[in-house]
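Worksheet: the structure to be examined is printed underneath.
The letters A, B and C name the chains in turn, as written, and every chain counts its residues from 1.
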Amino acid sequence: MSFAPVYLDWNATTPIAPEVRDAMLPWLGAAESARFGNASSRHEYGRQARAAIDEARAQVATAVGAHATEVIFTSGGSEANNLFLKGAAACLKSGTLAISAIEHPCVREPARQLRRAGWALREIAVDADGRIDVADWQCAIEARPALVSVMLANNETGVLQDVVALGGDARKAGALLHTDAVQALGKIEVDFRALGVHAMTLSAHKIGGPLGAGALVVDKRVELSPLIAGGGQERGLRSGTENVAAIVGFGLACERAVARRVVEAARLVALRDSIEHALSVLGAVVFSRAAARLSNTVFFAFDGIDGETLVGKLDRAGFACASGSACSSAQPEPSHTLLAMGVDPVVARGAVRVSLGRDTTAEEVERFVATLSHVVRDLKKLASVAF
Amino acid sequence: MAYSDKVLDHYENPRNVGSFGKDEEGVATGMVGAPACGDVMKLQIKVGKDGVIEDAKFKTYGCGSAIASSSLVTEWVKGKTIDQALDIKNTQIAEELALPPVKIHCSILAEDAIKAAVADYRKKHQA
Amino acid sequence: MLKFPIYLDYSATTPVDPRVAAKMIPWLTEHFGNPASRSHAYGWEAEQAVEEAREQVAALVNADPKEIIWTSGATESNNLAIKGAAHFYQGKGKHVITVKTEHKAVLDTVRELEREGFEATYLDVQENGLIDLEVLKAAIRPDTILVSVMFVNNEVGVVQPIAQIGELCREKGIVFHVDAAQATGKVDIDLDKLKVDLMSFSAHKTYGPKGIGALYVRRKPRVRLEAQMHGGGHERGLRSGTLATHQIVGMGEAFRLAREEMAEENARIRKLRDKLLNGLTDIEATYVNGDLEQRVPHNLNISFAYVEGESLIMAIKDIAVSSGSACTSASLEPSYVLRALGRNDELAHSSIRFSIGRFTTEEEVDFTIDLLHKKIGKLRELSPLWEMYKDGIDLDTVQWAAH
């Protein structure tokens, strides 16, 4: 790239923080300080790797108020979600599985896979702002589901679910409760005990850590069957030679993200508000504006402007944003989160997500707002000519 | 596995390694363990006419803790009467060498080696 | 100057080649996009890098890039191949065949299938570690749907007759999976010729990073799998999860280097291995485990009789080696691979796997030979078994006190 576009897609992935990169480099074989042992080896190289993993495990655990032995490292959030849903289901008799209607595909798809294997799948409705519909939730819980999964923060709208309040009913009904906290970590307080869930999914690359590492934090009383069998790593719940570099990066990224969370959230919410103010002036719909949301996420649409087109124009103008969520954007369908909220599919096709992060500056946001105004006015002119 | 300094010291510099001639006066041998279990200890004592152990030697096939346990025992039995030697308990050996729980069997084997050597001595001298 | 401990455990993992590291590092910070992001250049450049790496991996094994699926490593590839194929083809039959000396990632996966109601046959190997094709033929049943045999054994380095097994499986219409984690860069792999349907790869055994691997899934004739990880539909729906660009770039570069350099490198490594072999078999009562001909040059697995395994490891702490496979060496169980070769527990316990690699020097090999001579001598001086052996006592006739 001759010049770097302004990155406004931090919910898709984040650049690795420089300190995190520096901590990883020895494990990636960078020259003098190279370290490379297999953590299962008993010699010094192996012991160094094991010690580094142990330290990272403690860092992750501390960041989310869990015990180190509750942290199972995986290759990422998708694997952790699959591990919980399929791993817990394998130890139970087929029953009912309840998930919210706005879960990430890596919860929704394993859930559908379980449905093919004989489970009853209950999707819990959300309201027009993307919050769990409490009446439907209670109705779903009354069916005594064995497994319940509800995400802490939505990747597209940024809407936060009150997992503490919702979870009480689910636990009383005897369900194993899981939350996908991938988008929440580092942005709001995430405390495993306080949330009262049995299991929780985390990912490194959303918080300034590397791609390729995630974790399932899981209460040790929950019986799980591994998704990946073999050498017996991670207490037998996840075999395979540990990805030491990524795990080391994940540990440090957790520590940093949690330490800076409060200050960072306050800074980002001010930037987001300035974007939303401009969006209002331009006549955009901002989704979930009435709901409690992540401080870094704006999800919006303009009447009559296609989301892909707008994002394309913004990209050419030097701003990297997303239309729909990155992981499912291979499919041209409108956001399933918006459809679940009852948004008209025509409006949903206009959806654009702007997500801010560590390196986003006020100056960048100002320029973005100015560019957005131009681009939107141009597109509206075109649209009116076309009609 | 992390070994204690004392285990490492006995392992690096084992005391009293070797064998006495079989027919030497006052020599008795205790051999315990089995190759398939990963430990074989041979402890030999040389007992004076007064019933005091004058000298001891060992050979051990086994892990560092097994080598250290038998090396330590050769030091401890010297100067003791055979009855006093029988008072040496595996717990004392384990404590002295700071053996971890998975290595306690090494100290038990060393205690057994003393018992076997003393039994051999008594068998020879009753005959 | 020698750096201690000397690393002779390249079969457990290899250092990342500095050239590989150099390629990976820009993808950590400057080019950090999610390859699935379709709406901006950060995503596009990441996707392009992923596809280039896919071509590099495919090139090493003469496959089509479209046949390469990224995974988190060979363990996941083995799980995906075995469970994925067994689940997809279970309508045709529920019998699978593998070998007793396979890696745990294969054996435990097959055991999981057995718990699900599949039947499994675990083939014995010959004393040299190789399977007997007649034994395999005899094990094949009308309901056999899958055969899984590793290319190169991780402990003894023997190379199984993959070409012949492939012919046999293709003729019978059985899906054939090969765990090639230990084979890349060591033996020539030509998937255009080999009748292999599924093949697992790992980056970190071939100077790439940990946490990345691949599964080859044949397109002609097409092999179908049931996905094991569901989600965003990455990797043609066979393996969901955000792709780790830097790791994939690392694997691509590592496999590119392997392709370019393996002929020369293996000749060099063979010389070092032969030197080590001659230097160590000089020691009395030593036994090489596994066939010496059908074997990768990187591996030497030797049992030293009359010394105990753990004290041996302790004695040679100046070199980093494995006694048994790295993945199981936390437990004190004797290696199941060596037992399958017919070694008794004592010899299995006192075996050392030396694995030589790209950065091993002749000086290191010389040091190792000298060290083993000294330490084996010292431990045997301590060993009552050695004394008995030297006195001409047959240890098998000894009545050992129960312990």
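By our rule, a contact is a pair of C-beta atoms (placed from the backbone, for glycine too) under 8 Å apart; a residue touches a chain by one contact, two chains touch by 3 or more.
The UniProt protein names, listed by chain, are A = cysteine desulfurase; B = Iron-sulfur cluster assembly scaffold protein IscU; C = Cysteine desulfurase IscS.
Everything numeric here is computed off the predicted structure, so don't read it as measured data.
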Pieces of the assembly without subunit C, by contact: A | B
Chain occupying the middle, per Cα centroid: C
Per Cα centroids, the chain farthest from subunit B: A
Euclidean distance of C-alpha centroids - subunit A vs subunit C, Å: 34
Whole-Å separation of chain centres (CA-atom averages), subunit B against subunit C: 43
Subunit A-subunit B separation of Cα centroids, rounded to whole Å: 62
Subunit A, residues touching no fewer than two other chains: 42
Subunit C-facing residues of subunit A, complex: 1, 4-5, 7, 9, 12-16, 18, 21, 24-25, 28-31, 34, 36-38, 40-46, 75-79, 81-82, 104-107, 109-110, 112-113, 205, 210-213, 227-233, 239-246, 308, 311-312, 315, 320-323, 326-331
List of subunit C residues in touch with subunit A within their complex: 5, 7, 9, 12-18, 20-21, 24-25, 28-30, 32-34, 36-43, 45, 72-76, 78-79, 103-106, 108-109, 111-112, 202, 204, 209-212, 228-234, 240-247, 250, 313, 317, 320-322, 326-330
Sites on subunit B touched by subunit C in the complex: 3, 11, 14, 17, 19, 31-42, 59-64, 66-67, 109, 112, 116
Subunit C residues touching subunit B - in the complex, by the definition given at the top: 306-311, 314, 332, 344-346, 349, 381-387, 395, 400-403
